[in-house]
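Multiple structures follow.
Two complexes follow with chain A in common, the first pairing it with chain B and the second with chain C.
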Partner chain A sequence: MSTIELPSGAKRPVVKKSVDWWRWAGRATLTFLFLFTMLPMAWMILTSVKSQFAAMQYPPQWWPTQPTLNNYFKLLDPGSKIGRDFLLYFWNSFYVSLLTTILGVVVAVPAAYAFSRFRFPGRNFLFFAVLVRNMFPAVVFLMPLFLLMRWMGLINTHGSLILTYLTFGLPLSIWLLKGFYDNIPIQLEQAARIDGATRFQAFLLIVMPLSTPGIIATSIFSFIGAWNEYVYAYTFLSRDSQMTLPVGIQRFFTEFATDWPGLMSATFLMSVPVVVLFLVLQKYFVRALTEGAVKH
Partner chain B sequence: MTIATGGANAPAEVGRLRKRPSLIRRIIANRNDYLYVLPALLVMLVVIAFPIYYTIELSFYSTPSNLQMRDKVWAGLDNYTRVLTSSVFHEVTIQTLIWTLASTFFAFILGLGAALALHREFIGRGLMRGLLLIPYVISAVAASYVWKWLYHSDFGVIGALAVQLGITDEPINFLDNRRTVLASLIVVNVWKEFSFAMVMLMAGLQTVPEQLLRAAQVDGASPWQRFWHVTFPHLKGVSMVTVLLLMVANFNSFIIPFVMTGGGPADASHIWITHIYQLAFGRQQWGVASAYAVILFIVMMVLGYFYVKALTRGDDARAGE
Partner chain C sequence: MAEIVLKDVVKNYGSIYAVNNVSFTVEDGEFVALVGPSGCGKTTTLNLIAGLIPMSGGDIAIGDRIVNELDPKDRDIAMVFQNYALYPQKSVFNNLAFPLQMRKLTKDEIERKVKDAAKLLDITHLLERKPRELSGGQQQRVALGRALVRDPAVFLMDEPLSNLDAKLRVQMRSEIKRFHHNLNATVVYVTHDQLEAVTMADKMAVMHGGLLQQYDSPANVFANPVNTFVASFVGSPAMSLIPLDVKGKGTGVVLQSSEGWELPLSDENARKANRSTNGKVVLGARHSTLKIHKTAAPGTVPAKVYTVEPTGDVTFVQVFINGAVVNVSLDPGTPIAPDEEVFVEFDQARLHIFDDATTMALQAA
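Take a look at the complex of A and B:
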């Protein structure tokens, strides 16, 4: 097309006027969405620095008159009962999520590599596994899995959660990693093979380092998924000492009349790890999100 | 659907394909390849395939409330007739439809607006995208508590704001009112997921050829015409996928209604999933709950069919380019 060579000066004034209108609409949309997104979170934070007395007022204190970090101190103090529980739940969440993520990568990497490179019958299974995972709700799997876990003696253990999260994360992880392996030229491996490397060595030394972005993307995805999971944890665990955060905070704030500032600070602390992880690795997360849904 | 990308054993593959050996022989010939996928296949068989089979089986049985499945009794289609003729089923189905369609519609519209507004380069664009994505990233449990507090009947900030601005005289009791509860939950859901649509559509916008837009501009097309005749047709594929994924996610959502209202008041905010959960784990009626789940499978299968179609159509278009 010759559009680029056209002198644009003559047409500019006409176009510019309408572009401006369009731009203002864009700004208005963004402002609205920004407020819609941020105000609830701002109110969560503002509430978390109020005393319970200050929070339960009508009309509400729009801005805390006596801000206090007491709620946070209480939650993070290993000496108090609440603090001990909260830190334990935090640790449980962290440990389950981390183990899920690591095991997920260990299982998904070879499988993704095979799906990308080999042509064995049944490769399309992966596509349907991804579909099934995307399609069917956790609750539907819950009943048989509950029986299965009971049969395997895994009820009330973190093993039941890790096994479940791992499996439900796998199809997507494999899918994402396969996309990355598909983009690594096969010639690189062939060159290494000619130089005497075994298939495994070629995989380990050539393919693995090149697929690091893919591994990071799938890792944060499965970590965040496991950290936020609620339904299975709620059903498989009944002992207080094993709760993960999403189930745990619910437990100990409804025992008494709800302590809203305390609940808001717990919610805030619970969100910090995933939000930080996400903001730092946003690029990878967004890539995983879009590639998980759009087939290449 | 799968085009050979030229694996290391591609030449051998061509020879084998020509002779068209039996499936079993091909499986045996490729047996080493399966070792790589074996761990993944094993866990998926146990945790995904078995539950699907078992749910279908249970849906034909009347199950004891102590959950000793050895004592289950064959019930034929009883569970299904019970589900389909109950009045709760109709009420919950209508609520599920409203929930799914309204959430999908608003999330898509807001996501599209955000994607279009963020498509232009400006300072802080990446940060803005990140901030808008936070609700999508945090746990639905956290979101539910935050909104439950915003909606609180006595001290909720939304009710107080409505009174201060003179919209209502008394704070509205959003979650305890049959008329407002579902809409209130839909707002939370849209808040949580619109940025998913945004990210998908932003990825789609990048595929719109810049030259076409510029050509249209030179030809005197207005911004609206450029959007409608150039941008939007290119977004069709990704929009379809996004809408389907949103629909599936909304159909399957559980946490927001479960944590915020538990389906109440008087079942007014139950959707299928929360109702199934209540039947299974509240009332121990696993047979009935399984029948529900199977019906849900079927609905999902229909949606899945369109999903595959939308995805593969994109492939054909790409292959034709």
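Take a look at the complex of A and C:
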């Protein structure tokens, strides 16, 4: 017990708690955005388990009365033509996206490291040029790239797509990774070099492991970018056997009449790898995007 | 172990000279502190010795090799960084093992050496932890351990204590000193804290503006600073400097203030003052050589008290003399108050007289 006395007659002013309108505005915005993104997804999944007839009904059947997985069975059955095609497109997409991702990392990692660590003539200009690419919509490059690809004899090859996706993916990858390397203290490399490592070993053994979250995040970005891309795949490829999923699905299901449930189940299957990728790697992803914000 | 020789070392970025013609020798087993304010070139000098940045000119020898062209890994050095630079993804054991792994030692040897180093620094119980799970002092020890584990010729330390809190800093200061004593290691130690340099080093290299100002034992630097920069940088509180005019000739020389009073000089000091290039000098005096009188006496000059700072053991008083701030130390309990008019007496034998134009200490020829 202390013997301290508060001043006699000291008042406790009443502090009024006002409604925090900003907080409520924030919640409302988030709710709206959630519905905005989730409702189409929900509709996609609901439609994919309907029959063709139920999907076309008017007034619309909101909740499928007789849900069926037939559409999925058809798509995943290698015995049927529709299944064979779908799985081929799926493989094409996967293979193009994976190569884009791997090549992207192989190029972006050393480029970002160089932008972060070395002072060379034209460094600022080059980095600026890399970012400027992102200021133009991808469609602007459609004709020039088509002519370029034709000149190189790459039309109707997956190589044309991989090169194009790299062109669009690399600026973001390099920019993200540079931020990452900027945050890794240069003293770590200096210590490694004094401890007996060459410059390359210091990079490989010390810096690379520390930038794993950044590499994973940029990989997700380039994979998704390549996976979802439509316009270039549609323009550069004309053979059925080469189609990637976005183009393949669209051509396939709208050739004679639109098979909505089939289209929706194919779309759903197409989104599965992306969702899985995100769920598995999201902690790296969040770390990559917030890393720069916190001082160590 | 080895000596280090720097000869005419230059590092410039275009027209900016970070290190300008610096030469000094660190003897085998010596502890040398590179000291100066930020931007003086001390860390650049250390990085040049380490080989982390290329030199623009001059030579550096470690032991019997000229290392100018050698990679850091081939210079047989170890370095402790200000932020410790522990590898965050590696355990303490693997941090200590890394330099040995890079030198392709066998697993058994690595294990033995890491355990020995850990024992020496009392971090054996931390070997399995990651650096982020350690306190600042523990990280500091691990950084030291990583430096000494492979028995290098030279230890380089870049402000290793400046990230620690005040109490820990004092403790680690004596530990590093002890570590140097036990290993008889050659150490080059960078610090901006002159107190660290004075307390730890055999010799100190005071740097300013990329130039080496003075290279000598701390006692000599303290007793005979070569110029006003060194005088005002070394010592705490710093040496007080008062600009004055030289009047008179021969033995009748006095220093005259713009306030009108005159300070007679001893014979030796008079001869020093006579050598001033422009008839003006800067008078330097350390706080402990000054006395405060309440009344005017011969040889005293008028002053006005600005602040009084009791520290327990000693009370520091700042007074204004001829517009300059002058530190005086007093016994605690001496009655004195701000704005009081007092008189300050100088100890002629321990006065420093610097040339006003060149800032260099004047010698009685």
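By definition in this document, the second predicted complex is superposed on the first by the 240 of 296 C-alpha atoms of A that agree within 3 Å, B and C clash if a C-alpha of one lies under 4 Å from a C-alpha of the other, contacts with A are read in each partner's own complex, and residues count from 1 in each chain.
Everything that follows uses one rule, which is that contacts are C-beta pairs under 8 Å (C-beta built on N, C-alpha and C of every residue); 3 or more make two chains touch, one makes a residue touch a chain.
If you're wondering where the values come from, they're calculated on a predicted model, not measured in any experiment.
Asker: Is A:44 touching anything from chain B or chain C once the two structures are fitted on A? First, second, both or neither.
Answerer: In the superposition, A:44 contacts chain B only.
Asker: In the overlay, answer first, second, both or neither for which of chain B and chain C A:121 touches.
Answerer: The answer is first: A:121 touches chain B but not chain C.
Asker: Once chain A of both complexes is superposed, is A:270 in touch with chain B (first), chain C (second), both, or neither?
Answerer: Only chain B; A:270 stays clear of chain C.
Asker: Please tell me which partner, chain B or chain C, touches more residues of chain A.
Answerer: After superposing on chain A, more of chain A is contacted by B.
Asker: Looking at the overlay, what does A:190 touch: chain B (first), chain C (second), both, or neither?
Answerer: A:190 sits against chain B and chain C alike.
Asker: Enumerate the residues of chain A that count as touching chain B in its complex and touching chain C in the other.
Answerer: Comparing the two interfaces on chain A, one with chain B and one with chain C, the shared residues are 190, 193.
Asker: Using the touch rule from the top, collect the residues of chain C that touch chain A in their complex.
Answerer: Within the complex, chain C touches chain A at residues 47, 50, 52, 71-73, 75, 77-79, 81-83, 85, 87-89, 98-99, 102-103, 146.
Asker: For a test of understanding, state which residues of chain A touch chain B in their complex under the given definition.
Answerer: Touch residues, chain A against chain B: 1, 3-4, 6, 8, 11, 15, 18-19, 21-23, 25-27, 29-30, 33-34, 36-38, 40-41, 43-44, 47, 55-60, 107-108, 110-111, 113-125, 127, 129, 131-145, 147-148, 163-164, 166-168, 170-171, 174, 182, 186, 189-190, 193, 199, 224, 227-228, 230-231, 235, 245-246, 249-250, 260, 263-264, 267, 270-271, 274-275, 278-279, 282, 285-286, 289-290, 293-295.
Asker: For the complex, which residues does chain A have touching chain C?
Answerer: It comes out as residues 185, 187-188, 190-198, 201, 206, 209-210.
Asker: Mind listing the chain B positions that touch chain A in their complex?
Answerer: My answer: residues 1-2, 4-10, 13, 23, 26-27, 30, 33-34, 36-37, 39-41, 43-44, 46-48, 50-52, 54-55, 58, 67, 69, 110, 113-114, 116-118, 120, 126, 128-135, 137-142, 145-147, 149-150, 152, 154-155, 157, 160, 163-164, 171, 191, 194-196, 199-200, 203, 211, 214-215, 217-218, 222-223, 238, 241-242, 245, 248, 251-252, 254-255, 259, 273, 276-277, 280-281, 286, 289-290, 293, 296-297, 300-301, 303-304, 307-308, 311-312, 314-315.
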